[in-house]
């Protein structure tokens, strides 16, 4: 898919460099010492809950807020102190912020007119943008005469018309309904791929970040917790926060008892066997750690598996049928509830595991990740 | 280079327009200087925009009060202007400052002024309460009406506000005077045999103030009641609260900000009201606005008129501060 | 429940009767033939004719209209800037004083405003020779000062409802702040501007007290003429004048309301059509 192709593309040239940026509003620190480099052609997502500082960071790149300290470089140029109208980036707003008194084509032409481009060139560029977002026949309409999805595309066309070095997108899809949102995600990725413009997107939706981005930065309380490719973020979270924020996860608290370069062993009161993880960590023996196992990597069976580690018995206390997959809630002897997702390869009626069944759960040594903090 | 630019900006942000010097080192790229200039221009533009209305208000709102205060300490004299200067050169050698507090003493000694102040406060208080009693049910009724009806009713409340105040007061003269419409009607029906003294007394002033200021009471009350969450009332009813009790324990306390705002909008101007007591009041209706007017226009005693104005302001400072507090709170919402 | 709505209906009925009956009677009796205004003797429009032949009233009306036009224009310009400063400029030195000076005229008794402005004009004339005497220009300045507070309130509340990111988007697309204000903000808030201007115009046209203090011998406004005539008692000519003023104001407001309502329903219809169209895709 596009995402994978883009992810493997080599990004050499840094286009945005954020260096130790802090933003305070009175006593409140919205952004706390963020350092981040974003490369040419990336579709980069800033992901986090509300109030985590992601929007403030985006607004500082756009020039609507000035950092309290730190530097922001766009294409090598320090932009701190430059007003928004002198920065080579454009922004697409969550509310779209279309000019209500202007037609679609006037909206798209607005930025070009500010640059003083010749009229013919403006017309040509507006035309090109309208075709790109398939709105040519709506050119004369006013924003209130458009549907939500059409307005979203006008906003996109308007912010891309000036061919900015970087496009900033603030929750670009949050105002659309679920179905339209999924279709638009793919359209946005296509447009980004075709134009080669760097996109920086703010979102609170981890699925959206996952499907669209080449890289994701997860933010919490004004700080960046982890920056990585989406699949790496999912498979190798560096903290409990990221593991739990990105998809669902089973988390076991335990003590590190063996720490070798290529494996670790953890004992957890929550699990009836040793936990054996086939990757080394840089932890101290005896320290408290967490083992994260994704629900789809846990197996469920009525028969006892052969392995001695990463295994326990429990009772099925709930089943959530989701069509393609089912999630089993298994309560272990320790009282811990483990989620297990299983693809529904057979019809539900024929499923062999059901409520109140005594089952075994187990996972492979390479399926688990040890996280600290 | 970038660091220097940042320092300059920090200086500009802190308001130090004067101490941020332009970069002089030879290495400074054009971008640095241009950026510094544009930042200064931007800040200058912002300051200019604020300065326009600010200067106007300082000149035509604040300064006049200072002058009123100043003249209230002067003495009446025949001439133009009809007051003595506070500061003058006596025998060309030393500066003489004359503060005549006699005007204020006069206000305290002559019972006319005290009575007028008390009269104004009484008239304003009573008519504010009357306006609230008439306006609250109306505002409540409008807020509970269907949205389409609501807009029409609101328009009907605002409409009189756009028609001449003077003429609305004038309309009551024709109705209330002894051979006016109301008395003629009552005599025709036989309820009374001779005309009632409806005009030129306190009753007609109360009526006039209530009538003229009613929209000022209804609008803030409506704005408040309209926002009231209707599920709160349903919750109260669900919990077994009777309608009247719900009104007293839920609606009324929640609408207190609207009551305060509306009452102040009526009370403060009513204290200084001149037109209504002058046209509808009798000779014994003493109100301070009327006293100020006659000191100024009839007696041409500007210093005493100024002292009356300053004294009135002292009365009104607290209600005005409360009003501004509510204004500022409304602004934050 | 039923009792309560009955009570509210009665309150509304009495309330609106209270508000409108005097005006209605005023209009009816303006067509009274009898010189004694309140004694009906027959239908006549003679008082309107006399009104139009009264040079005193016509001159005063012309003064009032000029003052109202200029003061409303100045006060709309100043009030718009002031509302913009309050709604968009965040914190600045002296903001508290500014907002205080801006909202105090909303409740300030007119006699105080009038007296203080007159004393300012006299003092200025003594100090720098300007303004020379008092007349249309001093009334205009006085009216602009006390009406600008009302314009500022209207503009400020409109701006606080407006999505600020629209202005940010214009900045982001390369427009400088002044350009953003004139090309984006001003057109969007233009209905509020019109409302503010009309309000300032009406208030100026209506003002008696401030104008009495700040006018000169040659500049008598319409309310001043009406006031001195009313002080002598009711007169059928004033009834005719009142009727004209009320009708003009009412018609203006009704037409404006009808126009705005029509535009709004038009917008709603188009928006509904647009989403329906999208659903067919």
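Brief remarks follow.
We just call them A, B and C in the order they show up, numbering each chain from 1.
Here is the rule we go by: a residue touches a chain if its C-beta (ideal position, glycine included) is under 8 Å from a C-beta of that chain, and two chains touch if they have at least 3 such contacts.
Values in this document were obtained by computation on a predicted structure and should not be read as measured data.
In terms of the distance between Cα centroids, chain B is separated most widely from A.
Looking at contact counts per chain pair, the maximum sits at B-C. Remark: chain A and chain C have CA centroids separated by 54 Å (rounded to whole angstrom).
Put simply, the C-alpha centre of chain A and that of chain B have 54 angstrom between them. Annotation: 16 Å between the Cα-based centres of chain B and chain C. Shared contact sites, meaning residues of chain B that touch two or more other chains, fall at 42. Among the residues of chain A, those in touch with two or more other chains are 83.
Within the complex, the chain A residues that touch chain B are 66, 71, 77-78, 80-83, 86. Interface of chain C with chain B (complex): residues 1, 3-5, 7-9, 11-12, 15-16, 18-20, 22-23, 25-26, 29, 36-39, 78-79, 81-82, 84-86, 89, 92-94, 98-112, 115-117, 119-120, 122-123, 126, 141-142, 145, 148, 152, 156, 160, 177-178, 199, 202, 205-206, 208-209, 212-213, 223, 226-227, 230-231, 233-234, 238-239, 241-242, 245-246, 249-250, 252-254, 257, 261. Those residues of chain C that touch chain A in the complex are listed here as 163, 165-166, 168-176, 179, 184, 187-188, 267, 270-271, 273-275, 277-279.
Of all residues in chain B, those touching chain A in their complex are 2, 5-6, 8-9, 13, 31, 35, 38-39, 42. Those residues of chain A lying in contact with chain C across their complex are 62-64, 83-85, 89-91, 93-95, 97-101, 110-111, 114-115, 141-142, 144-150, 158-159, 162.
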